[in-house]
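Following this message is one structure expressed as structure tokens.
Chain naming follows the written order as A, B, C and D, and within any one chain the residues start at number 1.
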Amino acid sequence: MSEPDALGWSREELATRAALDVPDGAYVNVGIGIPMLIASHIPEDREVWFHTENGVLGLGGVPEADEVDLDMQNAGKEYAKIVVGAAAFDSALSFAIVRGGHLDIAVLGGMQVASMGDLANWSVPGRTPGVGGAMDLVTGSKQVWVLMEHTDRAGTPKLMRHCTLPITGTRCVTRVYTTLGVFQPAGSHFECLDLAPGVDIETVRALTDAEVTLARDSRE
Amino acid sequence: MSEPDALGWSREELATRAALDVPDGAYVNVGIGIPMLIASHIPEDREVWFHTENGVLGLGGVPEADEVDLDMQNAGKEYAKIVVGAAAFDSALSFAIVRGGHLDIAVLGGMQVASMGDLANWSVPGRTPGVGGAMDLVTGSKQVWVLMEHTDRAGTPKLMRHCTLPITGTRCVTRVYTTLGVFQPAGSHFECLDLAPGVDIETVRALTDAEVTLARDSRE
Amino acid sequence: MINKVRADALEMLSVVPDGASIAIGGFGLTGVPVMLCHALCELDRRDLHIVSNNAGIDPTGVGRLVGEGRIRKFTGSFPSNKEFFTSFHSGSVELELVPQGTLAERMRAAGAGIPAFYTPTSAGTDLATGSYPARYDGEGQVTAWLSPKDVRVFGGVACVLETALATDFAFVKSYKADRLGNLAFRLASRNFNVPAAMAGRVTFCESQSIVEVGEIDPDGVHLPGIFVQHVIESQLGKFDAPTRGASL
Amino acid sequence: MINKVRADALEMLSVVPDGASIAIGGFGLTGVPVMLCHALCELDRRDLHIVSNNAGIDPTGVGRLVGEGRIRKFTGSFPSNKEFFTSFHSGSVELELVPQGTLAERMRAAGAGIPAFYTPTSAGTDLATGSYPARYDGEGQVTAWLSPKDVRVFGGVACVLETALATDFAFVKSYKADRLGNLAFRLASRNFNVPAAMAGRVTFCESQSIVEVGEIDPDGVHLPGIFVQHVIESQLGKFDAPTRGASL
């Protein structure tokens, strides 16, 4: 299932695992990157509504070439479809939805998550500046999920005691889905709720800056 | 023209006089009472748009019995018509229009106006409580006109050195149309811009608490 | 599947307890969720904190809640209703009088995640300086005043700090609604229904009609369903008091 | 009679001086008033303060203003544009980086008479503590930082004070417009066009079509004409640079 040379879940598998935890009837905002993959993996018996920060509730999938509507893009500036029953609105109302606490889940990418729930995902010194809606999403949503590789390409941990990169928000992350497992920020440590197939807790600990405990009902 | 036993303009004449000063293309909010009479006296060659605080730009006149639309009332809670090109919106946007400085003129009734431009028109101790949109209108509109009798029924002046009733706003009134003439709050005094037919400045002064000066180009 | 459409108003509103705060849409006679107000009377709920522009201009809707003495506190801009006046001056109701634009903005703020904002409206007036009565005793004496508001100057203009006005529930009235809670309104009946729905933690919508999903054009949705938790079709006269107007 | 429809974009925009601040609608490629941006380039305006969510994602629209070096200051949330990055780091452009929701709300606030509001968004981050660069010198050194924001706690949550973002002008793009300036939009192209039109003291709208008064239903007007001063029909390709993309 996982790519031959990679430990744990592939990006697609990771999105599929997270999608399993999205309840029926949820209102969800999915960020650019791995999070957007969630939308195509929601179990078929669930009705989930996707919010796109640029002003639509009821974001659909990718259009065929002959279906492209020039007035419809997603937050990643790609042409997108809407679903039947969608609603359009301006950016002020779009962020009233985000900041007013109406979204059940915001799914974001991450550079670092600290065990207190702090998130860093917007700024790397020397890179193109841009914050977008990330700081709004983390302060407003009922749940904030981060989907990311467990380490960066150099193998440096991303689940931290404390974030070393500029933070997006404090104590905001409620769950982290990495290529190695599912984790919950628990203050002094992360609690591991699930492990990817073939991954053991010691491997996770070796690749994690913060302490990790194993929840009773986790798979291992 | 004026009612036989009344000095100066009738309410209808007063509204007609004020309507003369509403420029073509103006966006105007008219309050309950004498101000509402203005709408039917705008010179025919002018296009004036009326805003009603309950959420319509493009308020029209009074409907015939068979024209009543149960979803359309004016701020006085009377059934009303709309004009072609009208726009409907919610109360938050309606007051964004009011408070954001977009209305050219707010026309209000008044209990007292002070020469500094303070207005009292919302509260009389012991009367039914209610402020409505008055405090919003006086802080937001480019011009605030007050249309009222020159004195109360007992003959007590309403153009004051200082308001003795609770104020609606400070330094907000730009012009006052009374049954006796047209006045501009000028700080230490009112400047009289026009007098109703048959009214002289001494009569005005006798019925005014504040000092009144005569503008050079006034009619007398 | 999401289905917010309910069949029984009494069952739907049974979750609203005595003492609840409720934002109610409507202005004058337009856009008032009359059936929901009457159903709440049927359920005999009391000690309510009602947030509404008017206190009813006839004995229906909010006016019935007032007339039947079900309100402990009223927040609004223009409660020009004789029963309300009597209740206020006799000390049975507390009043938070708010300028209309501030009321709408405070309700929107609650739904938009804005805990507070500044506005010049009411600065320097009795409504800002703590000089307006909030409650009377039975003898006509003021026992509580509105709280004085924080003042800060922006661009030379004195402004008061106003806080978000969140409520436990909201009652709104729409022209069209679908099972997702998407709402559309007509003309002046939109009014406070949008800010009220934003202010309520749980929003109930009484709709003139329930339509299929997709019947409201995406660009014609005035309030997206995420702000609405329950929808019910309006039934004119349902739950009206048997001797309508008798209490006036 | 009110007629806000203009025929000549260059004549219409001639009132916009060098140094002006302009709020521009659009997000990605949707709802961007491309013709107005290009006309401003034709008029050779410079030293502009542009307020826009993006700095253009290709060399058209806001991207052309960036590419031709016409911007002295940019306020926005996601200026992910290589030319912009180069201009910022080389010290030729000042950047005010703002979270997207705060940006929309600050623009709306300007048009709504709200001088300032509190929000938890960005509290405790570099954007709130004065720890993010606003300007570099030519050597890659930071010469100015964002201003630290006032903090106040509401309900146990630290919030920052954000001020209204008013601009001299606004450029917006609509789907339909009439001579009164009433606007209607389609789907995701509404985005920042509504808050931008509210923020601008004078708002210019480029519309895909100009329709007769009354063709937009009163309940289908997304922005009433009172927020719009000038309307012009969009002409695809008008004022495009002759060698489009050459500057990339």
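FYI, a residue touches a chain if its C-beta (ideal position, glycine included) is under 8 Å from a C-beta of that chain, and two chains touch if they have at least 3 such contacts.
Computed from a prediction, not measured in an experiment: that's the story for all the values here.
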item	value
Given chain A and chain D, the chains that contact each of them	C
Higher-contact pair (C-beta pairs counted), A-C versus B-C	B-C
Chain whose Cα centroid lies at the greatest distance from that of chain B	A
Distance between chain centroids, defined by C-alpha means - chain B, chain D (Å)	37
Whole-Å separation of chain centres (CA-atom averages), chain B against chain C	29
Distance from the mean Cα position of chain B to that of chain A, given in whole angstrom	56
Touching two or more other chains - residues of chain B	56, 82, 88-89, 95, 98-99, 139-140
Multi-chain contact residues (two or more partners), chain C	105, 108, 112-114, 119-121, 185-187, 190, 218-219, 222
Topology of the chain contact graph, where touching chains are joined (line, ring, star, complete, other)	other
Chains grouped in pairs wherever the two touch, ordered by label	A-C, A-D, B-C, B-D, C-D
Partner chain B, residues of chain C touching it in the complex	27-31, 53, 57, 77-82, 84-85, 88, 95, 97-105, 107-108, 119-127, 131-132, 175, 185-195, 222
Contact footprint of chain D on chain C as seen in their complex	105, 109, 112-121, 152, 154-155, 157, 159, 163, 184-187, 190, 218-220, 222
Residues of chain B defined as touching chain D within the complex	24-25, 27, 47, 49, 51, 56-58, 82, 84-89, 93, 95-103, 139-140
Chain A-touching residues of chain C, taken from the complex the two chains share	1-2, 108, 110-114, 178, 180, 182, 198, 213-214, 216, 218-219, 221, 224-227
For the chain B and chain C complex, residues of the former touching the latter	52-56, 69-73, 77, 80, 82, 88-92, 94-95, 98-99, 123, 128-136, 139-140, 166-170
